Every structure is written in structure tokens, then in C-alpha cells.
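First up is the structure itself, then whatever we jot down about it.
We just call them A, B, C, D and E in the order they show up, numbering each chain from 1.
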Amino acid sequence: QGDGPLVFAAASLKNALDAANTAYAASGGAKATITYAASSALAKQIEAGAPADIFISADEDWMDYLAGKGLIQTTTRHDLLGNRLVLVAAADAKTSVEIKPGFALDQALDAAQKGGRLAVGDPAAVPAGKYAKAALTKLGAWDKVQDRLAPAENVRAALALVARGEAPLGIVYATDAAAEPGVRIVATFPADSHAPILYPIALAKDSVSAQAQAFLEFLASPKARPLFEAQGFTVLSAK
Amino acid sequence: MIDLGLATLGFGPDEVAAIHLSLKVAIWATLAALPPGIAVALALARGRFWGRDLLNGVIHLPLILPPVVTGYGLLLLMGRQGLIGKPLSSLGIVFAFNWTGAALAAGVMGFPLMVRAIRLSIEAVDAKLEQAAGTLGAPPVWVFATVTLPLMLPGVLAGSVLAFAKALGEFGATITFVSNIPGRTQTLSGAIYAYTQSPGGDAGALRLVAVSVALSLAALLLSETLARSVSRRIGGLS
Amino acid sequence: MIDLGLATLGFGPDEVAAIHLSLKVAIWATLAALPPGIAVALALARGRFWGRDLLNGVIHLPLILPPVVTGYGLLLLMGRQGLIGKPLSSLGIVFAFNWTGAALAAGVMGFPLMVRAIRLSIEAVDAKLEQAAGTLGAPPVWVFATVTLPLMLPGVLAGSVLAFAKALGEFGATITFVSNIPGRTQTLSGAIYAYTQSPGGDAGALRLVAVSVALSLAALLLSETLARSVSRRIGGLS
Amino acid sequence: MAGSPPPPPPSLDAPSLDMDVALRQGAFDLEAAVTAGPGLTVLFGQSGSGKSTLIDLVAGLRRPDRGRIAVGGVPLVDTASGLWLPPHRRRVGYVFQEARLLPHLTVRQNLLYGRWFARRHLTVEAPTLDSVADLLGIAPLLARRPAGLSGGEKARVALGRALLAAPRILLMDEPLAALDESRKAEILPYLERLRDQVGLPILYVTHAVAEVARLATTVVMLDQGRVRAVGAPSSLWSRPDLMDLTGGAEAGSLLDAVVGERTGDGLIPLDTPAGRILVPHLPTELAPGSRTRLRIPARDVLLSDRAPQGLSALNILPGVVSDVRLEEDGSRVVRLDCVGATVLARVTGTSAAALAIAPGRPLWAIVKAVALDPAT
Amino acid sequence: MAGSPPPPPPSLDAPSLDMDVALRQGAFDLEAAVTAGPGLTVLFGQSGSGKSTLIDLVAGLRRPDRGRIAVGGVPLVDTASGLWLPPHRRRVGYVFQEARLLPHLTVRQNLLYGRWFARRHLTVEAPTLDSVADLLGIAPLLARRPAGLSGGEKARVALGRALLAAPRILLMDEPLAALDESRKAEILPYLERLRDQVGLPILYVTHAVAEVARLATTVVMLDQGRVRAVGAPSSLWSRPDLMDLTGGAEAGSLLDAVVGERTGDGLIPLDTPAGRILVPHLPTELAPGSRTRLRIPARDVLLSDRAPQGLSALNILPGVVSDVRLEEDGSRVVRLDCVGATVLARVTGTSAAALAIAPGRPLWAIVKAVALDPAT
């Protein structure tokens, strides 16, 4: 794949990064090779010596994990993108919920479907699930729904549960909700209800590609910004 | 379900639940897959019908496809709004977010393995023996039950072990179909997966892996013992 | 690798690469697993040695464990820094983040399926025929090659098909072991997975699923045809 | 059917087997019309002549390309009308050429396998497990499994299994080939009883002329898939044109006989068309008045030009030479008409010359009494 | 070994088979010491007496619990020293009781299977594929696979396969049981030639007395896993204590004979201890001067109190009664000493009384020439 950099990126970035990569190539850069997988898998692979030049994680934890092992160039680390957490329902559902402290999410679930469940990324494993848990806890709704979760392997699976009507409501990223015609955004979580949703980026310690730094800079450049925004991301580090 | 006394071994309540659930799911998945598994194996081994190759292809799908895709497929077919799931759920049979769904997913994933093993055994049964039983007045169903089935037992055992092991290991399709609800649909594999996804979860994962391996080994040993006693009989040293 | 002319069918270059790679990986995984698969099946079916049950348990591990765990296991063992991977890589044999690693992962995942099928067939071979060949002067290795092997062909075929299909479908262990690097380690399943992870990727996933199914069906049909010609011979209608 | 003239029904009863079939398998082409009365019909012919194939057709294990088969008036298959009775509804007791025992069942279970389906057809005379096991000498094997049995033991279990299934017809493919003489001697009377008293029609394959002589009501001679001849053994074994099948060295005559009352010195007279013949013993089942058959091998008959004196042979039959045939080996097969029945004698060229044997010459046939034992 | 007295070596040559083994399988207990010279050794005994087991031991397909086996001086197994030659290095040609053909190979490939390993041992006289296929009548089957063959066809292919493997010893377990008479008549002379000209030691299981008479150099009588008797057939078949095994009805005498020059009228004289006996033909392989054996069934012998006249029988042997035994059925088996050799005759009670048969009485035994044909 040419001499472009090898990028390890969280799977949820696929659409946006593919677009950015194409633009980068069009602007004369050596096209990057981008590997999408779960942040956890990518981090462990880098630990095991994967020849990645750039790592983009879906949360801070796995970046911290590698930083702790000295496997990234900490000076290059910065938060590239931000995301929002939203509550979604099936596109044809009439549910309406207002997110505010103490809101009765359990009743909303029951109203939509008796005993219905809340689809989320697995709070024990998936970043989106962790954010959802934090937000619901902050808003005082966690206790009401923690027994009524449908923890999925990843955000996309949670989204599918909602789109297929298995779960009446779900908590996913704004970016995922925007691209799925089967769901409708019911409400957006206040930004202060959870830790900022960040996608940190950094060069790997053993990065060899001369193009890595250039690609990293391109992603943070204004040229890439609209491509990310088109997918619903908040661009945090545009210079 | 029997209490394995795991709580006293330092396993958390969710872990204990996951272990019990895994056993329940694996046993039911295996048992439930057995009758259709035998029927399909029989059809593939002996039948000469239109659509045989299609059937063969379809049952291999769970093997060919990434488990996540199979999980989506189950969601589409057997989910609350699914083609088959909808009528079934009006009958009160609900797979969604239920251990039965986990068993279904595990059964489907193990199905091609089970069918192959059984089919191989059926093909090794000497049709001349079945003919002999027929001339003695036994109608085909009886011949099947008293001759074919006992003689294909090695394959049935092997297929069951494969399906059981696969049911313990399966998680991609399960988590996609019925999610990973602790105490309800979270099997051992789901719990292990959750551990592997959080930094520092390795020790927990390893502990559960050990349980999973122990369960499978027990099943393996049991099946080997059964198979040996069967073959000793047929082999002659009466 | 032959050019399937896929680019003209509207597949992107990474997709074409994934399809080619999947075929390469699946074929190599199957071929490479065959000799050890036959050896292990033979040992399990016929051998009476210490550690037989242990061996049996170990080869079933990839089935029992969540694929991710198997992938981690491979990473630990066969990775660049791994117990076995390190000495091997100093010999120039590198699995990590290489298509060979994908083949290794696929081979390992398919191994229990292959061994079971072959073992079942070996157990169905009539030892009296091997004895007869022995009295005609054929030493054991020759008897194996000219009697046992041909007679267990159905199992070898079935095992190969299972391993091939599994290799096409495997992704959990592969992605964990060698990641999902387009053009390098990204197989069809990895590409499908990546699609399912991106909003709006369903259409792309579906397209690749179709390719995957088509490839497996072709392999299935081929194996069925071979098996039929084998059994027709033995069955008599010469 | 072409090539096989319809044989005369060998009995006055309704035929118990009536088949007219054609089947092609590989290069082998079977085209046979067989009508056999009740009693035991031997299929006789060289290896590969189609005997097992024919039996398989009756059992329903092979399908004819065309033709029909009926047993005791019940049609089993008729390709013209598309009739096909599956094997398990034909009630045949099939003793296969290879034993085909069920390997996962004990000998007892093998023997009783057909019993459940036969339960509605069991009569008081139906053989029991114990009686069959005793007859066949397999009582000590009942708890064993087939894999460890000797060849002859397997053959006996297979035989017992068929007998216990209360069949409507017995199909036996060389059932005694693996057995020793003493075992055969025990089983043969039992088969005769099945044939005569139980009236079970039996289709029986054998290469042993002794079994033909002892058992056959009718013989069907098969030759390369075609029926060469059908008839009572006594008529076929005296036909010179069939000697390639009946076996030159084995040539002999078969005489129908009626059993008489035992005489004072313990001999039993048999009334044959050729005269009264005394034999020392008979199977116990043969009561006075019953019909049996004697086989007299041509080589066991002495010819004399005078009524002999002081000889241990008791049976001396006067007759007239009707035919002399020169054999390849130089010996002569002499056909002697003894009051309507035919007795064959084989003599050397030297003897033929010394006795001036020629058609029309009156001679005495001397047969040792014991040579006539129908048990042979 | 207990229960089996060591038999005298039946020939002056070094024994070609020397075994002394014990083996227990299930309830069956084999304990046998057999020393057999070159030539053909028949294992004779009832079903289940251990014949196949014994052959398996020689082939190396079963292991004795203890004992040793040597063929032609080469030890094959010796449990005392731990010696064990695996089957493929024993160079046996084994014709199994069931054919055991390799189902995935054609008939030709089956026949040639052992050829590669035999290549170093092939002599110019070694049979070729073509010669064996012709002998056995399986040439038209060469391209077929075993599954479609008839029972007798399978048996013949199995026989051919063993013959083509250039074995050092032939082990044949009822090789002709499934064959018709004419086929047997073609194969028997071939086996004789192997025995006499090629000098191949043969261990041969059969239930057919005719095959024993024709082929056996030595007979080993097995009875429930023990050797009851060993010896030349002529001696065993005249021993009254063995009649339960040799078969009452089949009792007869076996005479050793030397072939003489064909006489003018085409008869061949055989010189036996009992006198000169004329037979019409012999297997072509038997040249003047060669040794053979005649079997005279007791029931084929007539006794006369005077030298007979005008009879077709050519062979009249004078003798003296040495023993009369009353059989269960009332007949008498008369032992006649004819110049040192023994001839058995079976006569009815009536005849015995009429001829006043008692030890010491001189009588004439009348045997039809053709009854002496060694081919029977």
C-alpha cells in the first residue's frame, strides 16, 4: 500500500477517516493504510509490536494504556475529535423524552414497550457504554435503568437493536445515529453530563513512516475538518 | 441448575451467573440442535432432493460468515420484529434478551459442526445392515432407530461435543442477537470478552477462561468415555 | 493468485485485496492444517499414549474460547515477542501482522473441526482391511497411504471444507492476532466487520457477505462432487 | 420371456413364487421367468450366474428394470402397474450370503430382531428362541456380539434370525456353506420339516448337489442370467444336456420314493418307480407314507450281466439299457430303464466292453443300500 | 503341551511350520502344538473349534498369550524371547474366510496389491496376473470394483490376490466354500501343483472331506481349541475314535498310491498297499511314478463272500475282517485288512448277517473303479 503511514483507528471512525484519507491522497500525500478494529485490540497489538505509525483510540483509557507502557510519542498526543451522546428510538416511534436531572428513563422505556430495554454499548467494555453510564449516573437515572440495559458489543450493535425494534430506546454517539435511517434522535445528552467524548491521536513510538507526521497534521488541519463534521463529529484540534 | 459452589471459590455473583448460564445455554443448545441436526444430516447424506446443495450451503452459513453477521441475521429473522420471531413472540416464545436467544445463537453457530459430524457417521453406516433389518420386517423408522442411529452414535457424540464446545466459545453472534446482560444473557464468553475490553482485565479473563476450559474438558472426557464404550461393544471384545 | 476480475464488478481496491487475501489465507490455512490434522486425528483415533486426553483438550481450545482470547493467545505465543514467534522470527518466519499470521489464526480456529471430521472417518475404516493389506507385505506406512488414507477421504474432504469455510468466516482471532490491515491482513470477514462498524456500511457489508457465501458455496460444491465420485467408486456401481 | 421356456408348474397347487423379471447391472443382464410351487426351490448355477441377484429381487433389495414378482398370490412388485412393496412388508426371511449381523446387538438381540414385527403371525408351532438356538448350537453365544464370532457361528446366527422372523417365504443364499458336516446333518432335517410340515416356500441357493438332492422340490438352473432349465431334480440330473451345470463327475439319478413301514431287521423300504429299495435309516421326521427322494450317484451303481449272489448290496434292480454316452474321460454313462424310472451308472470302457453294454441289453443295477441314504 | 501329544513329523524334511501356542479370547481357550511338514496341512474341525484363530496367529493378526511359531525355520513369534515379526514381514499369502477385498481399488489393483513387496521374491515360475486371472475366471472382472462382485467372484479375487503375493506360506481359510463344483475342479489341480512343484507350504481350512482327500499332506484335527489328532489323512480317516470329527456318514479309508503307466484300454493303475487299483483318469499333473491318494468312502465298498463274476466293477480286493463296529443307525462299519492297508466298508445289519461277517472272516471288497477318482 505505497509508503503511506499505517494507521490503527477505532472502528467507529471508518467513514470519516476513509474520506479524510482520500482527500489526503488527492492533496498529494501518500495514502495511508488504515486498520479499523476495537480500540482494545489495536492497543494490545501495538503492545505486541504491530508496525502502526498512528493510533486513534475511541477513548482515553486505551491511549493511556499505551502511554503507560511508553509506546506512543506523548508529545504528539492530542484530542482529535469529540462526539455527543444521544438517546435514540426507532424512526417510526413516537417516543419523546426530555433529558434532565432525575428524568424517568424507566417510565419512558415502559411507555414505549412494556419492560423494554435500553440498548447501550457494554458499560464494562465499550467506550460508548462507559459514557452512557457516566451520564445516566450524573443525571440520577442510572439506578432506574441499570437492570434494564441491553449491553451490546459495540455502538453499532446497540444501534441495530433499536433500529430492529428489539429495544425501544438506546444511547449511542450522535455520529452513529445520524447515519442510521432506522433511528431517530430523541434527545441529546448535555455535554456536561459525562466526561468529554474524545478521540485521542498519537504517533507510535516505533513509527518509521516519514509520512506519519504529515498525515497526523493533515487530520488536524482545516482541510479535514468538514469531512469529520459531515459525519457528526466535533473537531477539537483544528489549527 | 445445580449449584457448582463457585461463589465460595472467589467468583463474583455475575461471574457465577455467567458460568451457570453458559452451562444451561450450551446444554440446551446442544440438545435442541440434535434432532434437527440428525434430520438435516440424514437428508444430506441420503436424500436426493431438489435444493439439497442449497440446504447444505445454508447450514454452513454460520461458519462462513463473521459471527456478528450471523447475529444480525438472527436479529432480522428471530427478533421481536423479525420474520419468524414476530409470529413466535405472539405465541409467547421470545428470544430477545432471553437465555433462550443465547441458546438459539449458540445452537445455530454450532449447527454446521454438528451436522457434518453426524453426516460423516451416517455415510459410514453400511446400508446392507439396514437392508437386513428391513427384510426382518422393520419399517424404515424402526430401522433408523435401532440400526442407523446406534451405528452413527460416534458421529452424534462427536457432533454434540463440537456443538457444546462451540456454545461455550461463541459470543459474537450471541452478543449481537441477545446482548450481554449480566445474569440473563451474559455467558462465560461474554464475560471474558468484557474483561478483555478493559485495560487490566486480563486476570479476570484468565480466571473465566480456566472455568470454560474445565467445563469443556469435562464434556470432552465424558464423550470420549461414551464413545469408547460404544466402540468396544461393536468392536467385539464383548 | 488468480485475478478474479472483481475490480470490474464495482469492488474497491481494498475489497478486491481482501477477497484475494481471504482466498489465499483460506487455502493456505486448509492445506497447512491438513498434515498435522491427519496426524493428530490418527493419534487420537488409534493411539493409546499418555497425554492423549490432554492433546484432545488442547486442540479443542480454539473452539471453546472466545475467538478474541485465541487471538490474544496467538499474539502471546506467536507474536514478534512471543515464546515461539521470537525464535521463529529470527529465522525469518514472521506471522505478526502478516498474511501468514492470518492463515495461522484461521488454521488454528479450523483445526478442531478438521481433526474431528478426519478422526470420525478414521474410526470408520475397517481395521480388517488394513490387516489384509499388511499380510500382503505392505508396511504400516504404505498401508496408511494406500488403504487408510483413501478410505478416510470423506473425512479429509469434510474436514477441509469445514476448515476452509471457517477460515473465510473467522475474524475474531485473526483481527486480534494480526489486526485488520487493508491489503495485508484484512480478509473478507475483517472487511465485513469494518463495514458493520461504520454507519451506513450495511450495503458494503452485504456485498462482501455475498462474495464470501459464493466462495464457500463453490468450495462446498467442489467437495461434494469429489466425495460423491469417491463414494460411487467404493459403493460399487463401478 | 425369450430364452427361457415357461416351465411346467411342478405341483398342482397354486404357484407360491411367480416371477418374470429383467434387470441389467453393469455388464450383467438378468432375464428370468420362474414359477415355483410350494416347497423348496433351489437356484443352481455357477458363480456369477445371478442367483443372489434373483433372491434380492424377491426380497425387494433390488428393483427390476421391468417385470413382476408374486409370492403365494400376493404381488410384490409389478413395474407395469408401478406396484412396489417395500422389503419390510414382504415378510421374507433372508439368510444373506454374508451374514450381515447387526454389530451393535448381542446374538440374542439379533435373533429376536424380527420378532416384534412377526408377533401377529406367530403360530403355536413357530420356533422359539430356545429351540432355534439349540438346533443351531448357538445357545452359548447368546450374550456375545457378532464381531467375535467365528465364520460358521455367524452363519448360524444369521440362519436363526431368519427362521425366527415368521416369514412367509424363506430366501437362503448358501446358508450352510460355512458349516461342517455334522452341523449340516443337524440342520437339514429341520429345513425339510419347514418345507413339508410348515409348508413354507423356500428359495435356496447352493452349490452342493447333496443339498439339492436332499432338499429340492424344484430346481431352477441359472446360466449367465438366464434360466436354462426348471424342473424336479430327478429330471434335471438325468438330462445329458445339462451336465455342464449339474457336473459331469456328479452325474446321478434322483428317484422319487414313498416311505414304507420299517421291516423286522430295521431296514426301511422305499417304494420307487424302479422298485423297492431298502435303506437303513431315515430322518426321523419321515413317517411311513411320506414322500422323499433318493439320489443315486452314477458312479455308485454297479452293473452285472447276471443276478448277483453273495453280495452285501441289498438293492438289485433289473433294467434295460436305453442309452450309452461316452464321456470325455473315456468312461461311459449308462442309462438304464428300470420299470419306467431312470438309473444312471458310470462304468469304465473296459467294463462296458466286458459286459457288452449297448441299448436294449438287459442288466442288473446293484446299489448299496447305504448309498441311498437320503441324508447324503 | 497338555492335552495335545506331540505328533510325529509327517515327513522327513525339516518341518515347515512349527508352532506351540496358547491364547485365550473370551470363553474360548486355544492351546495347540502343531508341527507340519512341507506340503498342505489341513486344519479340520467343527465350527468354532479355533481354525481361523490358529491361522491368524501364523499371519500375525493375533498375538499368542504365550508360545512360539516358526515357518521354514524362521521364527515369527516367540513370547519367551519377546520376538514378534509384524504381519507384513511374514510373507504369508492369506485367503480370509470373508474376502476382505480393498473396496476402493479395482479387481486388478487388488490382485496386484502385494506385487510390489513381492518383487524381490518373484521367480520365473511365479504366477502372473494373466495366468491367475485365467485360472480363476476373473479376467472379465479386472476393471470392476469389489462392491458389485458376487460372493464367488469375491472369493476368487481374494484367492488370486494371495497367490500373486509370492508368499512363503499360504494360509487359506475355506477358500473354495463359495465356489461351484466346476470352478473347484479347475482350481484344485492348481493348488496341488503349488503344493508339489512349487513346494509352498499351505495351511488350509476346509469342511469338505473331498478337499481333504484330494489335497492334504497332513491333517490337524482341532476340537474346541485343542489338537485332537495329527497325521496323514489315510490314518486319521480310518480311526474309529475320530469318527465324531471325520463324520460317521463320511467314514472311509484313504489309501496312499503310486501312479503307474496307462494301460492299453486307457485305464491308469495305481499301486496301493491293498493291491493294484485301476482308475479311468487322473489330474494331468500326475505323471507316472508320482504319489497320490485315493479316498474310498465306506459306503461305496461292497463286500462279497466269493470272488465276483460279471460285474462292472474292476477292482476287487481280497481281505480279512479285522473289526466290526455297530453304528447308531444299525449299520456296521467293517474294517477289512487288505495286505496291510485298511479298507472300510459300511453294510446293513441284514447284509452283515447274510455274509456272516465277523473278525477273521475272509471277504472280497468290491470298489467301482470310478469311485476311486482322486478328484472327488
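Methods note: contacts are C-beta pairs under 8 Å (C-beta built on N, C-alpha and C of every residue); 3 or more make two chains touch, one makes a residue touch a chain.
These numbers were taken from a predicted model, which means no experiment stands behind them.
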{"item": "Intersection of the contact lists for chain A and chain C", "value": "B"}
{"item": "Shortest contact path, chain B to chain D, counted in steps", "value": "1"}
{"item": "Maximum centroid distance from chain B, chain identifier (CA atoms)", "value": "E"}
{"item": "Most distant chain from chain D, judged by the mean position of its C-alpha atoms", "value": "A"}
{"item": "Between chain D and chain C, distance of the C-alpha-averaged centres to the nearest whole Å", "value": "60"}
{"item": "Whole-Å gap separating chain A and chain B, where each centre is the average of the chain's CA atoms", "value": "35"}
{"item": "Distance between chain centroids, defined by C-alpha means - chain A, chain E (Å)", "value": "90"}
{"item": "Distance from the mean Cα position of chain D to that of chain A, given in whole angstrom", "value": "89"}
{"item": "Shared interface positions of chain D, touching two or more other chains", "value": "26, 144, 148"}
{"item": "Interface hub residues of chain A, defined as touching at least two other chains", "value": "none"}
{"item": "Numbers and ranges of chain C residues touching at least 2 other chains", "value": "68, 72, 193, 196, 237-238"}
{"item": "Interfacial residue positions of chain C with respect to chain E in the complex", "value": "128-129, 131-140, 142-143, 146-147, 150-151, 230, 233-238"}
{"item": "Partner chain B, residues of chain C touching it in the complex", "value": "53, 56-57, 60-69, 72, 112-113, 116-117, 119-121, 123-124, 154-155, 158, 162, 165-166, 168-169, 171-172, 189, 192-193, 196, 205, 209, 212-213, 216-217, 220-221, 224, 231"}
{"item": "Chain D residues within the chain B interface of the complex", "value": "59-61, 86-94, 96, 100-104, 106, 113-114, 116-118, 143-148, 161-162, 165"}
{"item": "Interface residues, chain A side, partner chain B - complex", "value": "38, 40, 43, 61-62, 64-65, 117, 119, 122, 124-126, 149-153, 157, 160-161, 164-166"}
{"item": "Touch list for chain C against partner chain A, complex", "value": "68, 71-72, 75-76, 79-82, 96-97, 175-176, 179-184, 186, 193-201"}
